[in-house]
Each structure stands twice: as structure tokens, then as C-alpha cells.
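Labels run A, B, C and D following the written order; every chain starts at residue 1.
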Amino acid sequence: MITSFNDLLPLMPLLIVTATSVIAMLMIGIRRSYITTGSITITGLLAATLVAVSMMDWTNQQVTPLLIIDQYSLLFTVVVCASAMVLAVLSFPYFFELDDQREEYFLLLTVATIGAIVMVSSNHFVSTVLGLETLSMSLYGMIAYPLHSAKSAKFPLEAAVKYLVLSAAASGFILFGMALIYAQTGTLSFASVTELPAAGLGDSYTIIALLMVVSGMAFKLSLAPFHMWTPDVYEGAPLPATAYLATIGKAAMFVVLLRFVQISEALSFDSMVTVLTLIAAASMLAGNLLALLQDNLKRILAYSSIAHMGYLLLALVAGHHVTGTIAVEAITFYLIAYVIMSLGAFGVASVISSSEKEFDSIKEYRGLFWRNPLLATTFIAMLLSLAGIPLTIGFIGKFYIFLSGIEAGLWVLLGVLVLGSGIGLYYYLRIIYRMFMPEKHSQPYRVGGVESVSSYGVLAILLFLLLLFGVYPAPIMSIVATASAYI
Amino acid sequence: MESIPIEHGLILAGILFALGLVGVLTRRNIVFVLMSLEIMINASGLAFIVAASRWEHADGQIMFLMILTLAAAEVAVGLGLIIQMYRRYHTVDINVLSQMKG
Amino acid sequence: MILVVLISILFLGGVLAWLSEGLDSKFPRVVALAAVVIDLLVMMVLVGADAEGSGWIVQLNAQWIPRFGISFHLAADGLSVLMMLLTAFLGIIAVGSAWDEITERTGFFYFNLLWTLAGVIGVFTALDLFLFFFFWEVMLIPMYFIIAIWGHENKNYAAMKFFIFTQVTGMLMLISILALAYFHYIQFGWFSFDYFDLLKVSTSSAIEMWIMLGFFIAFSTKLPSFPFHSWLPDAHSQAPTAGSVLLAGVLLKTGAYGLIRFAVPLFPEASMQFAPFAMTLAVISILYCAKVAFAQTDIKRLIAYTSVSHMGFVMLGIYAWNEQALQGAVMTMLAHGLSAAALFMLAGGLQHRIHTRDMDHMGGFWPKVPRLSFVALFFSIAALGMPGLGNFVGEFLALLGAFQASIGLTVAAAFGLIFASVYSLWVIQKVFHGVYRNSDFDDTHLHDLTRREMFYFGAMMIGLIWMGMYPQSFLDMSSTTLTNLLNETGQLLFAQGSEL
Amino acid sequence: MQDLIWLLPTYPLLGFLSLVLTSGNLPKKVVGAIGAGSIGLSFLTAAVIAYQFLGSGETHLVVEMWTWMAVGNFTPGFSFYLDGLAVVMMLIITGVGFLIHLYSAGFMLDDPSYSRFFAYMNLFVASMLVLVLADNLLLLYLGWEGVGLCSYLLIGFWYEKPENGYAARKAFITTRVGDTSMAIGLFLLFAELGTLNIQEMLHAAETQWAVGSGLAVAASLLLLGGAVGKSAQLPLQTWLPDAMAGPTPISALIHAATMVTAGVYLVARTHVLFELAPNVQLLLAWIGLITLLMAGFTAMTQHDIKRILAYSTISQIGYMFLGLGVGAWSASVFHLMTHAFFKALLFLAAGTVIHSLHHEHSIFKMGGKRKQLPIAFASFMIGSLALAAFPFTSGYFSKDEILIAALEMEGPGMILWLGGVLGAFLTGIYSFRLVFVVFFGESKGHHEEKEVAGLSMATPLIILMVFALFGGWIQIPVDAVFSHGEVHEEHHISNLMHAIMIVVPLLGIGVSYLFFMSKTFSVEKLMANPLATRLHGFWFSGWGMDALYSFLFVRPFVFLAQVNKNDLIDAVYALLVEITRVAHVMIARTQTGQLRWYALSIGGGVVLLITLGVVL
């Protein structure tokens, strides 16, 4: 129960983001100004990030039964808010020339962030559903945002409808599964499904319930066989929205899945382990295979995200076998790494694109290295990181995943991981190779105006983090290790 | 009063859910698809109420209320998109939304 | 500290070379040359230095990732120094061979060149397995760029193949490294990736074998050995000359170095069990690739296959695991580094002059380019194992040692000497002998070796003669290392004359 | 002075270096002076050293230069070993070598690659000297391979013609087969005896190995492999006739006087090993016998003047092997020396003939040349007499000794002797067939051809003539070397046998006279017999060995290489790539873009997972 102001303190980041959205909304009401709205959003998200960072050392409490504010959720609050801020910065030039109302986009972005913060702090079905739906609902809007624009080249409508219908169906599965679990455990909080307060309805029942929840979440994480929506939605959505979906959407969902699986002890059923193993293997293979000869950058990143979620699931499965927190650390670190490198990759594409012309065919990146070496270097670093090459954070992430897999003795999954990564190298290199080909001067990249300066700055920061954590990961490792102890 | 066994309630919810799912899979008219989604989500709501009755909690029922609002919001966004779709394609057949593939 | 300096010079030199392109496209090569030469000079400090009893001349150990007991542990002993000298020497040669050949995007080219060298030096000095893996990968990426950007007609395919082969097998090695560290954790209660710590890990023999295989596959892909060699001909034939020089001269040696330093000492028992199999693979490499080489018409592909064949002797020597065999392996590494690099430079030089690598188009070059022809003859003769030149010393010692381990395999491997003469002389015949005709190419640029080229080739010739006539200077440097390794692992000789 | 033995190979090596580094920019006179002069210096040095050494009464002398490589207990050095055998060899090499160099200075004068020629020649002499002076087998191997290399370079000296290149490669690769066998022998010797120093090794073998022990047999067999390769004995003899593609002085120096006898030297040098393996020694004798007969028959059918000489060389080395096989070590070395004299003479004379007749090789296109080519004629007469072992020529003494030793041998000695005598008969036929056809009978071709033989070419011929005639009286100082192996007893051979050995070669010459000089018998008539034709064809082809090897080794190898040009292993990886690509295409088809299909995949996926979850 919230009885005093002090009880609200742990919710500060959430409150700040909420306030940001309210203020932004009011400002729009008063006077439409793209710059003002954008600035308010960015400032608000920055503030929330900083506050969350400052809270990490001393905050560890359950705020109402719905939200747990501990180091782990705060860590991801930081990740979510910072990413949202980065995306806000990147969105700003992207929508700069949109021939429609531009300001509400930031509103959607902040509201989605609220949902994400709720999700990462959630250990209760109600908050999960609330956060998830807040996030999803805002994402529908973000995906469909350039709908009215006459010049919009892509298919935001198609993407939005597909995402809405399929996501709603997946939510249905999650809800139904939750209901079944609730019938079994008698509480809406995450709770063990093995130690029941009353006579249960049988293991099969529990497994069905768990699988429905897991399937629904797997959909949101675009794990095979629920991955098919991913490329279409990624392709149709405007780049910043895609990036949001790919980074914050995935990370928040994975945190929920992690907490849920850990607390509910779902993996104490052998068949659950088998099923998750299969999902992980299928995702790694399907994702990498699908991306193999793909020419559309957004679709490649979509497929590769399928594979990356498969890698994460490997660590999740490993978490059941190992003592200690190495698997959780692996998941945590890899999520952070994944967010950074995805933001970077989408960010590069976003910087040279606008709502009117997106550069999402890899052919269009031909010769980028010779025309804009810094941007191309950033992109290459991000792609190499996604491929797990040393010097980048992606390698440390892979290192963690491997280590957890080895500790758990998941040799088959590791084999699939190696195979999948091997295939993965091919399509990442295809993009990189394109950038090194002699340039063709016919490509009209967007020339960054003043509005893009901050985007470049953000990209530079991402590159710096990518390399810093890749070369000297000790500090972030200790943060991750501390936070992971709370799961 | 003899209570209905919880299994019966859950099975009913399950059947409803399956009906909704089948609707989503089979209907081409996007309005019907949305309606089927509503059925799925509401089936979950029913399941919550059944479960709540097992534990004699109010939690499940609160959850149901939340689900109702969720469904409403979902439909609102959905309908908005349908209007856009109709404007652009002059049809509500979801098969037209298949320009992105591969 | 000197090791850090060695690596940093190259890293920084690379960046500087890249930046200097902005001033003039001719600056990067000067910067690169300076960096490598300085590196070589700094290395000379290590050559004269006295080793402590354990053989380590210089060590540096700093914490890096304490969470997993990973440290920044660099060290050099005689073997490392020898390999570093080869690296720096061939680095200079590589810069020289690129001097006129690379005219576009020079800055980025020399950046990659120097970073590759830095990675290689890191590989030769890292004693923390995580760090080792780190450098292992660092040398690949710039090499990928070198092939992919400055390569020839089919560069994308070749570069991709090179990268995927080495990466995938590298991942297997990473798994092995992690597994080893994990077993250290189980045994001692803390994580460590340090070489000396991991030497103490003992596991069941089945597990040891699996972990060893992870290392073996990675190293034998790099070496390369049959059946993991198929990336090499493509990479070599497509790479620019400097790339081929570094690949053949230095990068392949990291595989052999890895086997000597890590694969065998970390897993002595598994290696002993595996030795007959490894030696068999080596023999197959020697014979099979010699045979395939003979059939090639692309001169670079041919040389590439001969490289595989020669590296077979290295692997044979390593798994025979006695003093003569190991010294033979090391000498072969050095000598082959020079001879293969020189042959690739010659092939590259020819391609640069006449724009074809197809030997069917060549012939009768001797009177047109006598100096080039003589140099080619010299290095072909070296490659076929002429006594008095370095390759002979290496191969003879390797076989001499291997004979004590397995007579049958050594006899089979010795047939490689015959095959080597078949393909070496075939090249001489096809390219330099016969009647000159220029119907298939434009020979306006077919001029003899320039003074600068003669300087490089001369240096390599002197090197090979030195190795052939007085190999003691090199043998002495690596002997402490090798005898220490032998003592630590125990002589793994399997019984005299035992067959598979 | 004796310590300066290292100067011997150094002079020619310096010659080689100076010629190579100037890369043909020196005037020809200077080149000739360097080329021949360096060998001359070597000869002088060798002579002085030999004089002092023999005068000193020492049995041997070791000069250590530096340790070549020291790895564990393997410490071969760059060290030279001088004893009687080495003295003989070095004198032959530098002496005959100098004469041939001198001859070449005139002979090759018109060749544009004059400098390259002398460079290779000098390198050859240096290697050959290292070979015979080496005190360990590894250094010997260095010389061994070095001479092989020079042989390759010089056979293929006129590289424009592909067939010359082929002959050169054939020579190198065939001998490399033997070399490899020898290398394996070295491995075995080191593995078993722990040293490659020849004297130590022989001593160790004697003390450690029983006579006839398996290791001794294996080691001597492997060394024998090297010897038969280098010395063109069965079964590796096929390269030598083709090696005649090189300039004629090369044939004289390398393929007659020195390099090809290296195998004989090797066996003589390691004779202790062969004594430990009597069966191998016997095999040696048989190899020699069979080779000498086969080559003798083939020589009778050839019509290329150099090929006849080449087969005769093979045949004569067969005699040396026969001698080695029956334990007549010093006799073999003696024959080696006399053979060097007369065969060098014959080749050089043949060179003069060919040179004078504008590169005509076929003896049947010559004829009646004794007036036109007087020096060559004299040389050929003397050389052939010595070759056919005409009494009291040099060849007579040496061959005689070998045959007597064979006769004295127990067991198969009589058969070996009979074979040897038959060989001598053949020698008489083919050597004088050459003389009669070329220098007698009616003159063919152009009459205005003059003998091209300047002073530098004539002098060596004359000197060699003297040695070919009287070389038999030279005493070779090898007794100390073979002392413990050879039993010196009085020959108790019946006079009948002596008479046979003298008469048979004369008979051969007589037969030859009847066929080719007086035409009493007609070759054409003989050839009318189909059996004779076929036999002639068979012999002419060198007993079909070339075809056999081509069928057994060359063609399968080339076939295999061509079939697998693109590397089968690569196809395996290509297949993997293809599988991946197909998998991509298949799975990419599932991305239809149809919303309902996606929904179905979700529904179906959940059902599938639940089924799996419940069933498992």
C-alpha cells in the first residue's frame, strides 16, 4: 500500500516518464511545436534515466503487489529509458519533414515507455498485462504513424493491422494461460507452479497453461514458430518505430519472461525444457536461414532478431541447469548488448532515411564506407557486434551465452548456435561488403541538416559504448552481476 | 447449492477461446477478425472469473474488468485502422494486406 | 611492457596511416613502413635478452575482466620472439609488395595491414586464452577487409569463405576455451583463463578429447590441414599480393603456433591419443594437396595448395612431439613463411605485370625477365626442399623426428618430397621455360624486377640461405621453449614403429 | 694445407656466385676464365692436398667447419672427411671437371647463355665436391641433392624446347624417388644408431647389428635406393638416356664422369652396411648385372650418338655395381675412375662430332668422318678401345678386376661372371658399331664440314686420351678404406679364364666389324626376321621401361590430378552451402505475407507445442 510520499520514491522514473507524457500532451494542446515536444520528451526520458541510475544503489522494494523495484528492474528501467531517449533523438530528424501532425509521435513513444517500465518492474499478472498492452497499444500507433502521409513509401497500415491482429491473438493466449495458472495457484502474482496451495489440476494442465503464456510471450519475442509477423511489421513500420519494437519491445518482454520462468519454476517440468530447447533451436536456425539471401535491411534485422532471441532462450534454458546466476547474467548482458547494437544498426539506417524515403535495401548501402566512413564504420561495428566478433559488446554477449550453455552442458543447442552464427556471418558480411564496393554516385542519401546533429552524436555514443563494453567489459559486468542476483 | 466443477467452466472458456481463434483463422473480413479476437480475449476473461470462483477471490474479477477495457482499446485502435484501410483499398478483405513478404 | 609497445606501435601506426591519407595518398605507405620497421627494431631488444629459467623473456600480467579471472597476460619466450621476428620481417615485405600495387584507398589498406600484424603479434604473445582468442579474431577482420576490398575478380566469395571458415572453427575453439575455464572453476573454485592455470586442469579423458578437438579444428583450419583447407586457395588467389604474403607467411603460422603452445600442452593425453590421427591428416595434406596443386593452372592457387602441403610437415612434426620434430616444425614455419611469401609476391608481381594468373597463358619468360625467373627458380627450389636452404632443414628435421614416432606415416610423408619436385618444376616449366609468346596477354608492362623488388627478394633469399646453412641461430632461440614444453608434457612418443 | 680442404668447393661456389650476381653482364672471356679457372684452382688445391695427405701416411683427416644444426643428439656438422676414396674422387672431379670446363669454354662459345652455363657448372662441381668430401650423411645429402639440381638445370639448359624440360624433370624426379628412399634410410640410421656421421655410424652398425639383421638389410636397401636412382641402375635407369638433351659437356661431366657414379661412391663409402646385409649386397650384384646387360642390348640398337654413349654409361655403371656386389670395392672405384676418363673422352669427342656436323645426332647420317674429324676419330678409337676393355687400355684393367672378383665369389659367382663376360662382348659390338658407322664407310652429308676444335677443346681431348690409354696403371690409394672388408689374396684364376676375358671383347669388336665394316653380315637381312624386328624395337625402347612407368605412375598421377583439379573437398563445402541455400529458399516461402497464414502458424504452433509438452 502506498501510504506516504516515500513509498512513491521508487516509482520516480515511472512517474517522471508519465509526467513527461502529460506535459507533452498539454504543450501540444497549447501550441503545436515539433521542437518543443521533442525536447520535452528527450529531456523527460533523460531525467528518468538519470534518476533510475541514481536509485540503483539503494532501492529494493516491492511497491504495491504489482511492481517490484529492485536493482534488476532499475537496470532495465535505465536501459528502457535511455533507449527510448536515443530513439526519440533519432526520430526527430526522421519525422522532421512528415506532411502530417508530427508531435503526437513523441506522445506515443513516451506512453510506450511507460508500458515498458511497468513490464520490467512487473512480477504480477496484472502489471504484466497492463504494461504489455500499454506498450503494444502505443506501438500500433507508432507503426501506423505515417499512415496519412501521401509520400510514405512503405506500408505502415499493413504492418499495423498485421501486428494488431496477431499481437491481440497472442495477448489472448497470454491472458488465457494466466487465467489457467491463476486457477492453479490462486494468486495473480508470479508464483511457483510446483508448490500449490491446494490440490492441483494435474501436471498436464499446468504445462498447457505455462505453454500458452510462453507461446504468447514467444510471439512478442518473435521466436519460432511465432516469428512470421516480424519481417513484415519491421519492414512496414517507420524506422524509429521498428527500432523501438526491436529493442525496447523485446527487452521488456524478455525481462518479464525471465522473471516469470524463474519464479514459476516452469522449467522444473522436463517437457517444458524440451519445448523451450526446440523453440530456441528452431529460432536460431530459422532466423539465420531466413536472413541468408534477404536484400531488405529491415527484414534482415528482423530475421536476425529471431536468431538473437533464440540465443537468449538458450541462456534461459541453461538457467535451469546451473547453480548461480551465470545464466541470468548472460541474459541480462546479452539483452543490453542486443539493445545497443540494434539501436546502432537501426540508427544508422534511420539517420540517412526520412519518413519519405527509407534506405532499407542493402543495395543502397553500396559504397557508403567511401562516402561517409564514420557512419559506415559505426554500421560495420554494429553488424560485427551482431555477428559476435571481438572488440565489440556482441562478442562479450556471445561469450556469456556460450559460458552459460557450457555450464549447463547444452551441447546440442551450442552446436546449433555455432551453426546458426556461421550462417549469420554470411548475411552480415553481405551488407558490409556492399559498403566497401566502389560507390555509385546516384544514391541520394539524406544530407543531415541541423536536426540530425544530435542523431550523429547519439550514434557516436552508441559506438563508444559498443567498443568500450567490448574491450573493457569489467564495469558493466559487475553491474550486471549485482543486478542479476535479484532474480 | 451444488457448485459447477471448475473444469466445466474452464472447458467452456477454452471452447470459446478456440471458437475465437478459428474465427481469426478463417474470416477474411477484418471486422469479423476483430470480433473473433474479442471472443478470444473475453474467453480469457471468463476463465479468470471461473478461476476466481475457485479461490473465492475478487482478483480474477478485477482482472476481467481490466481485460474488458483492454479489449475495448484494442478494438478502438483496430477500427481506426480498418477505416484507414477501407479508405485506401475500398475493401475490408484482409488478403489485400499482403504486399510485404519473403 | 615492451610487448604492449610492440602491439601499440602497430595499432597506432594503423590509425596514423589511415589519417595520413588525408594529406597525401602516398603517406600511408611510408607511415606503415616506419611502424613495422620500428617494431622490428624494438623486437631486437628481445632477441638479445636473457631468458629466465622458465624460458620467458618478458611477461606482463594485468587484470582485465576479474569476474571471470581474465587477465591481460602477455609474455614472450624464444618461440614467440622467433614468430614475432618473422611477422615483422614479412610485415616489411608486405608493405613493400603493396608499395606500388595498392593505389586506391591506401590509408585504409595500410590500416588493415598493420592491424592484422598487431593481431598476429598479440596471438604470438597472449598467455591468457581469452586474450588469445581476442587477438585471434582481431587479425581476421582486417584481413577480411584486405581481401574483400583490394582483392581480385572473385574477392567477395573468397573473403567470405575465409571469414566463415575461420570464424566458425574459432567459435568451436571459444567453446573449448570456455569449457576448459569452466573445468578449472569446478576443480579450483574460481574462473581462470590463464595459460598456466589451465595447464593444471585435469579432466576425464573423454572430455579432454572433446575440448582438445575444439582447439585442433580451429588451429588446423588456420594451418590449414586437410580437410579444412578449402578456404585457402580461394583466399590466396583473390587476395592482393600483400594479403597473400601475410596470409601465407604469418597467419598460417598462428595455427601451428596454437598447436604447439596450446593444443598439445593443455591436453597432453588427448593429444597423444589423437596424434596418430593428426599425423595421418598431415600426411594426407602433404600428398593430397601436392597432387591437387599439380593440376592447377592458376599460379596462385597452385602455390596455395603447395602451402597446405608444406604445412602438413609442420603438423606432422608437431604431433610427433619430440625435439627434432618440433624444431623441424618451427623451422618449416619460418622457412615456409619466407618461401611462400616470396612465391606469392612473384605470382602477384606477374599478375600485376600481365593481368593474368593463368599459367596456360604464360611460358618462356626467362629471357624476358631473367632476374624474376632466377628468383622464381630459387624459391621453387627452396620449396621443393633443396638442402642448404631453410625449407630442407625444417622438413628434414620434422621427418627425422616423425620417423621416431611413426615409420609408416613418415615414409608416406616422404613421398611429399617427390611430389614437391613434380609441381615446383612444373611451374618453372610452364612459366619460365618454353617459348615466349604473348598472344594471350598484353606484355607492355612485362618488365624485370625493379631494384626495390630485388632488395626484398634478396633479403628473403639471404634469410633462406641463412636458415639453410646456419639454422642454429634460429634453433637456439626456440630450443628452450620446446624442451620446456617437452618436459612438461612428457615425451609423447608413441612406441617406436607403432602403426595406426 | 690439408686444413684448407674447404677451399675445394669454395672456389667453384665463388665462381657460381660471381657469375650469378653479374647475371650475364660479363664478357665471355671473363666468364670462361672464372668458370674454368675456379675449377682449375680447385684441381691444383686438390692435387696439393692429395700429395700432402698421401705423403703423410694418415689414413684419414677430418676438417670441421661448423655445426650445421644441433637438435638434441642430432648434431651433423659442416665437416669434411678425407681419405683415400675421397682423394680419388676429388681428383677425378676436379681433374676431369677442369678438362671438361676447359673444353666447354670453347664448345659453348656461341651460346647466348654462356654465363648461366658456367654458373650451373660451377655449382655442380661445388656440390659434387661436398658430396664426396662430406663426413656425415646429411652433408653428403646436401651435395647429393645439389648435383641433382644442377643436373636438372643443365639438362634443361636449352629451355625453349619443351622436350628438354621434360627430360630435365624426368631426370630430377626419377632421381628424387631414389633420394627419398635415401632420406628415409637416413632417418632409419639416425633413429637406430643415433648419428649420421659416416664413420661413427659405420662403427656403430658394426658393433650393434648382426650380419643379416633386418635393420641392416632395411638401411642398406634404402641407401641402395638412392644409389640406383643417382647412378641410373635398374629400376630407375630410364632418365639417363633422356638426359642427353643437355649440352654435350654436361653429358660428359655429369652423366658420365661424376654425378652418375655418385651411387657407386655412396655404396663404397658405406660398404660396411652392405657387408652386414649380404643379401642386399648380392642384390647389388644382380642389379648391376641385369642393368649392364639390358643397357648393352639397348645400346646396340640406338642410332643417336649420345644415347648410345648414355646406354653404355648405364652398362658400365652396371659393372661397377656388379663389382660392389661381389665385394670388389676398390675394383669398382678403379673402374669408376677409368670410366670417367674414357667416357668423358668419348662424350667430348661426340660433342666435337655433333658440333662440327651442325647438331646432327644420328650416326647413320654420318659416315667416313675420320679424315674430316681427325681428333674426334682418334679420341673415339682410344675411348672405344678402353670402353671395350681392349687389352692394356685403362678399361681392361678395371673391368678385369671386377670380373675376376665375380668369378672368385662363391655361389652365383660363375653366373655373374658369365653375364659380365657377355656384357663385355656386347660392349665390343656397340662401341665399335659406333666407330665404324661414324668414321668409316662412305661419307655422308656435307663434305665441307671442318672439325671445330680450338685449342681449348683439343687439349682436354688429348689429355683424356692419354689417361684413357694409360690410366690403368694408376694405383688408387683406397686400400686403407676398404682394408677390413677386402681379403687380398693372390688371384688363382686359370689362364683359360684370363684368355676368355681378353678374347671376348675382341670377338665383339670382330662381330661389329663383320656387320658394319666389311658388311659380311647384313643388318637389313637380320631385321627381315619379324622376331628380330620386334626384339630390336623392344631393346630400342629401353626394354619398354618408359612405357611401363608411364602406364604405372605418370598417367595415373596426371589422371588423378586432372580429375580432382577442383578439389573434391571443396565440393563438400559447396554442397553444405547449397543445402543452406535450398533451406533458405524453402523456409523463405513460408513468409507469404498473408495475415491468416501467420495467424494459422501461431495457432498451429501453440497446438504443436502443447501437444509436445503434454506428450513428452
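One rule holds for everything that comes next: a contact is a pair of C-beta atoms (placed from the backbone, for glycine too) under 8 Å apart; a residue touches a chain by one contact, two chains touch by 3 or more.
Fair warning: this is a prediction, and the values are worked out from it, not measured in the lab.
Between chain B and chain C, the least number of touching-chain steps is 2.
Centrality by C-alpha centroid: the chain sitting nearest the overall protein C-alpha mean is C.
When the interfaces A-D and A-B are ranked by C-beta pairs in contact, the top one is A-B. Each chain gets a centre from the mean of its Cα atoms; for chain A and chain D, those two points are 78 Å apart. Remark: chain A and chain B have CA centroids separated by 26 Å (rounded to whole angstrom).
In this assembly, the C-alpha centroid of chain A lies 43 Å from the C-alpha centroid of chain C. For this pair, chain C with chain D, the centres built from the Cα atoms lie 37 Å apart. For chain A, residues touching at least two other chains, in rising order: 161-162, 165, 169, 231-232, 294. Contact with two or more other chains is made by residues 588, 591, 593, 595, 599, 603 of chain D.
Each of the following residues of chain B touches two or more other chains: 21, 24, 94, 97-102.
The full set of touching chain pairs reads A-B, A-C, A-D, B-D, C-D.
Of all residues in chain D, those touching chain C in their complex are 20, 23-24, 66-72, 74, 78, 138, 141-142, 144-146, 149, 152, 156, 159-160, 162, 165-166, 168-169, 172-173, 176-177, 179-180, 183-184, 186-188, 190-191, 557, 560-562, 564-565, 567, 569-570, 572-573. In the complex of the two chains, the chain B residues touching chain A come out as 6-7, 10, 13-14, 17, 20-21, 24, 30, 33-34, 37, 40-41, 43-45, 47-48, 50-52, 54-55, 57, 59-60, 62-63, 66-67, 70, 73-74, 77-78, 81-82, 84-85, 88, 94, 97-102.
For chain B in complex with chain D, the residues that touch the partner chain are 21, 24-26, 28, 94-95, 97-102. On the chain C side of its complex with chain A, the touching residues are 63-68, 105, 133-134, 137-138, 141, 144-145, 148-149, 156, 159-160, 163-164, 167-168, 171-172, 174-175, 178-179, 181-182. Within the complex, the chain D residues that touch chain A are 580-581, 583-585, 587-588, 590-591, 593, 595, 597-599, 601-606, 608-610, 612-616.
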